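Here chain A shows up in two complexes: once beside chain B, once beside chain C.
And now, the complex of A and B:
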């Protein structure tokens, strides 16, 4: 290449000092480390030329934390004390050695494509497959809640449209972590109040999902002041596709076609910015602008084109724009791209801006030359723009042109494999659990009802009806377990959503999630165990089967250079591996978002490490699934599983401002047994609800809402009342059984040695009555509890 | 030969799409299940004369966010029809054996074309933002007007189907109200379990005047409603289908079957 360029800038890298290299990265918002800059310099030294701005941007995007997961794939040396000796453990590639390892080891026969494509793909039935992907969109949401969250939804939907040869999106999930909504203190400049963020985010998700005609069926919202500066937004999408359309078929000489919206300057540097700290003078151009209808329009035509076999590969233009999409599709072959052909929103974009722009609603499709006209025609008929912008070559090079000028010429090998591997040496210091005196009973035993009321109206427990009912969870007509169920005007929340996508059989898809905003503060391993267990038990409790459950991980962590955060990440991955292998539930997809911190007067304020586990299960008969509301009066109510001294990080302790006790962990001896037994007792269960945030009492009361059926229980056998009511121990359910099935039910549990306890009976009288050692400690009308629960969000 | 025979025995329905229509798939399914031959067409197909309305017995404008609904819901779709397909549409509804059905966004479109409450092509009523100021997705009770001129008056007294919309508040002037009441043009009203139509939010999810959820023209051949009958074709779609003692009728299916009877 000649050194003088008309359309792009040549950057003097080959003679740059280390200081200069750092400066180039910082000023250009490239988010590259010195080591990476040195590697790039070395590459161009061997080429005996300097890179263009376009080349440097392409490398920065491809090597970004967002696209490459540099930390999670890093080599990590871990040192910790075991007894008196130091033990060292080495991970060559953290992700491969933990999460992937679990999936490989389980080797589930229903997995079709895992950690390869835009989404994880599993078998649904004999002919069809299901794809599931969950993304985070945290940084953009903090800057612009509405735009950030709506483009988050749009992006994950495109992941599904762009996985395999294209799946039809059939459901969305959304999980949010917000700061303390009752915050009264002055927030730093550039930070929005959690309430404002919540409203913006909900509106964004609603407007995009509803317009796309995709039901938003599952999710969760948690609050903790540790998210005050950095809210988290997780968007998931589930799609269905024929099994013969699971794999892409790329080969040289095929055309690269850009489909959908036009390209503008919005969202430039989204990929690199997403792993940088937030502060108050970031440019807003890093946030993209969404338009659901453009996406809906190409969804309609692309599905048609897919079924006519008009294209051979498809992917979305997400983070990194065309650079990422073309770079990845053509990774093994090379490609030529002609940027002047890209349709623009307005003139004046530099070549690298066209190449890197993250303008939304664009897909890249690979079409053979013979079918080009037919493909473009089908798009045109419904006013969808489709433009040939280049072709797949066999040069193993990424060649990008603007008019007559070559603006980028990099070897695919260097681009995708040339990045220096990160290495970390860390030492973990396990903290000893301090001894504590439990004096719960004495100080709080007398006002159980008051405490219940506080727990029910706690933002992490209370009804999310305000949010849920703004989402169209019924569109497409597949939702057979809705997020809320009511016979009156009171709603019982459900543990999972169930979809019935094909009406010629009764097979269904179950979707759930597990997340906690408090546990991560105290005990990362227990947090990891708890959220995985929660996502799985949510599927079990609606009638799913442990043998057909698959997991997705989304790690959202704070400032990763900070040792504690990184060792926490390693511990969390290791725990996730063990739990997944234990349950036999493989990970099929995942995504991490690191460095969620805010620069507050030079001080780095990190979020609490947060792991979202999304779970998907396949059920054979949706008619035999279970919902949570009590079905009738005079039935027996039981709790299955063991309640332990695990109150640390619980909702009760957040209210009482206490932090003794332990964080709920996984009982490796019993959890699996409980879930397998649950499958056997399933035919006798009339209603079931898992126990999680707010403990057993919260679940019990939530079950009374849907039909206004009361409950009367006797807890005299219990030692510590508050612990039993509010501990958030894992692997527990409350179930309703007809007295006719009492014996067979109890015998089955006894035979399997599963712990359970008879609590009492459902009643026609709409009251929650709790007896404890000859005293009535709670005698409250359901309506009163419902009012507090339903208005807890206070928006 | 078989094809021709089928066409003669089955009525043919056209589901008309625009960019942003999103309930077309389940509407097509609902029609198929209840014995219609169906075709889904993009509005561009009608404008380019690739498809003509003349071959159909039923025209359905399904739910969705046509053209994004960025300005008043259904408005752009209505304008497209009004300026490009008015003649064809007039021909269609003047034929007494044909029915036009608008669901959700389709209702908004029909009102904004001026086909409802009467076929003057002048907008007389509107469907505006819900009183709650939010999109509302809920199951509702509907009271069926037994004196309505359309075949749907034969539905049971009270039915349940879901609504999902942000702009569903039926609004009209006093004069129009008098007319549509006198002509028995109200088809569905939001009500409580007992059929009481004076109930407020959330039973009336949007604040509609007179609790109106669906109306017809004077002849009963143009039918429109905000709730989604195509979402209740199977009993498993009902929120409480897991209760044994409840006798569940998929009212959406009954809805389409009833229309099918006169076509």
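And now, the complex of A and C:
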């Protein structure tokens, strides 16, 4: 390449000192470490030239935490105390040695493409496959809630359109973590109040999902003041595609076509920015704004083109824009890109800006020369812009041109494999568990009804109807089990969503999630176990089968350079591996978002470590779906599973401001036994609901809402009433059984040695009645509980 | 030509959500607050054609009406227009522009901008108006505002 350039800047790297290298990275918002800058310098020293701005930016995007998962793939030496001795464990690649390892070890026969493509793909039936991806969009949402969340949805939908040879999106999922909505303190400049963030986020997700004609069927919202400065937004999408369209078929001389929206300055540095801290001095360009109409138009065209076999590969322009999309597609071959051909929104963009722009609603498609005209014609007919911008080569180089000038010439090997590996030495210090205060009742001194009312109106427990009803969860006509079910203008929340994507069989897809914002504060291993268990039991409770459940992980952590945060991440990955292997539920996809912290007067304020586990399962017969609302009166009500003194991190303890006891952990053996047995007792279950936030009593009351059917239970056998009612122990369900099936149901559970307890009966009288030691401790009309539960968000 | 279009709800709805939040944050003197959609269309186009665009694209005739270049009366109220900053994608305007093309006005060289107009009752001083607008109605990172005089 020439040493002087007309259209791009040459950066003096080869003679730069270490200080200068750091300055170049900081000033350019590259988020590269000194070691990485030194590696880049070394590469260009061997080439005997300096890099262009375009080359440096390309490397920074490709090596960003967002694209490369540098921390999760790092080499980590972990030191911890076992007895009196220190033990060291080494992970060569944390992700490979934990999450991937679990998937490899399980070797599930239904997995088709895992951790390879834009989404994880599993077999649905003999001919079709299902793709699932969950992305985070935290930093953009903190800056612009509406734009950030809508582009989060748009982005994950494009991941599904761009996986394999293109899947048809059939459902969205959305999970949010917001700060304390009752915050009254003055927030720093540039930080929005959690209520405003919530409203903007919900509007963004609603507008994008609804306009795309994709139902939003599952999700969760949790609140914790530790998210006041950094909200978390997880957007998921599920798609269906034929099994013969699961793999891309790229070869040299094929053309690279850019499809969809035009390119502007929006979103530049999105990938590198997502690895940095939030502060109040960021450029307008980091904000992305979505356009669902454009995305819907090219979705329809691309599905048509896919079925006509008009293209060989497809991917979306996500973080890093064209640089990542083309760089990844052509990784094994090389490519030539001509940036002057890229359609622009306005003039004046520099080559590197065109190359890196994260303008939304763009896809890159690889088409053979013979089919180019047919492909472009079909796009034109639907008013979708499609432009040839380059071709696949066999040079193993990424070559980018602007007019006659070569602005980027990097070896693919260096770009994708040349980044220095991160290495960390960490030590784990285990905390002592505080002694549990058994005199809970005495210390609180309030009636059970009062406590129940407080728990039901807690933001993490109360109804999310305000949000759910804004989403179209029925569009496409596949939603069998909806997020809310009502026969009486009172809604019972459901544990999972079930979709019926193909009407020629009764096979279905079940989707759920598990997340908790409190457990992570105290015990990272128990938090990890609990959220995995929650996502699985949510699927089991609606009729899913443990043998056909697949997981997705999304780790959102705070400032990762902080030892405590990193060791927590390692522990979480290790625990996730163990649980997945034990249950035989492989991870099929994932995405991490690290460094979620805010710079508050030089002080770094991190979020609480948060792991979202999304689960997807295949059900053989959607007609056997079990919903959560009580079906009729005079039926028997049971709790399956064991309730333990696990109140730490519970909703009750958040209300009481207590932190003794233990965080709910997982009894692996019993949990698996319960889930396997659930499959056998399924035919006798009329309704089922898992016990999670708010404990057994919350689940029981939620089951009464849907049909306004009352319940009368006797807890005289229980030792500590509040513990039994509000402990959030894992692997528990409340089930409703007809008296006719009492014997067979109880026999089956006894035979499998599964712990269960008869609670009482459903009643025609719409009341929740609880008896304890010959005393009625609760006798409340359902509608009183419902009023509190349904208005808890207070927006 | 330069056209400023205001889309008004027939029932002059009060934005109760924002009003509650404004009161909660201590701006208790605000009696009412409402929001409406505004557009700026620049280019060689007649008023009649703009009326056609309003009727076909911008207004829901059942619940809304429109005004073009209407003089603002600011007695006892504070009115603020919020627009996107240059280079920020104005997706509503972009789709309006596209839709104008579908109305067989393809060769019109127009510039379209969309925004929000906030009306606060009563008239408040500039500093408080700025505080309210920044806190509840706009994102300074991507938007800019003008307080009407």
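The rule we apply is simple: the second predicted complex is superposed on the first by the 790 of 795 C-alpha atoms of A that agree within 3 Å, B and C clash if a C-alpha of one lies under 4 Å from a C-alpha of the other, contacts with A are read in each partner's own complex, and residues count from 1 in each chain.
In the analysis below, a contact is a pair of C-beta atoms (placed from the backbone, for glycine too) under 8 Å apart; a residue touches a chain by one contact, two chains touch by 3 or more.
All figures in this text were calculated on a predicted structure; none of them were measured in a lab.
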Contacts of A:472 with chain B and chain C, given as first, second, both or neither: first
Chain B versus chain C as contact partner of A:771, first or second or both or neither: neither
First (chain B), second (chain C), both or neither touched by A:264: second
Which superposed partner A:406 touches (first chain B, second chain C, both, neither): neither
Contacts of A:396 with chain B and chain C, given as first, second, both or neither: neither
First (chain B), second (chain C), both or neither touched by A:304: neither
Which superposed partner A:291 touches (first chain B, second chain C, both, neither): both
Contact residues common to both interfaces of chain A (with chain B and with chain C): 291, 293
Complex interface listing, chain C residues touching chain A: 17, 21, 24, 85, 87-91, 94-95, 135-136, 139, 141-142
Chain C partner contacts - residues on chain A that touch it in the complex: 143-144, 147, 184, 190, 193, 195-196, 199, 264-266, 282, 284-285, 287-291, 293, 345-346, 359, 795
In the complex, chain A residues that touch chain B: 206, 210-213, 291-293, 296-297, 300, 381-383, 468-477, 479-480, 482, 485-487, 489, 500, 503, 622-623, 625-627, 631-632
Chain A partner contacts - residues on chain B that touch it in the complex: 17, 19-23, 25-26, 29, 42, 44-45, 63-65, 67-69, 134-139, 162, 164, 166, 202-203, 228, 230-231, 233-234, 236-237, 239-245
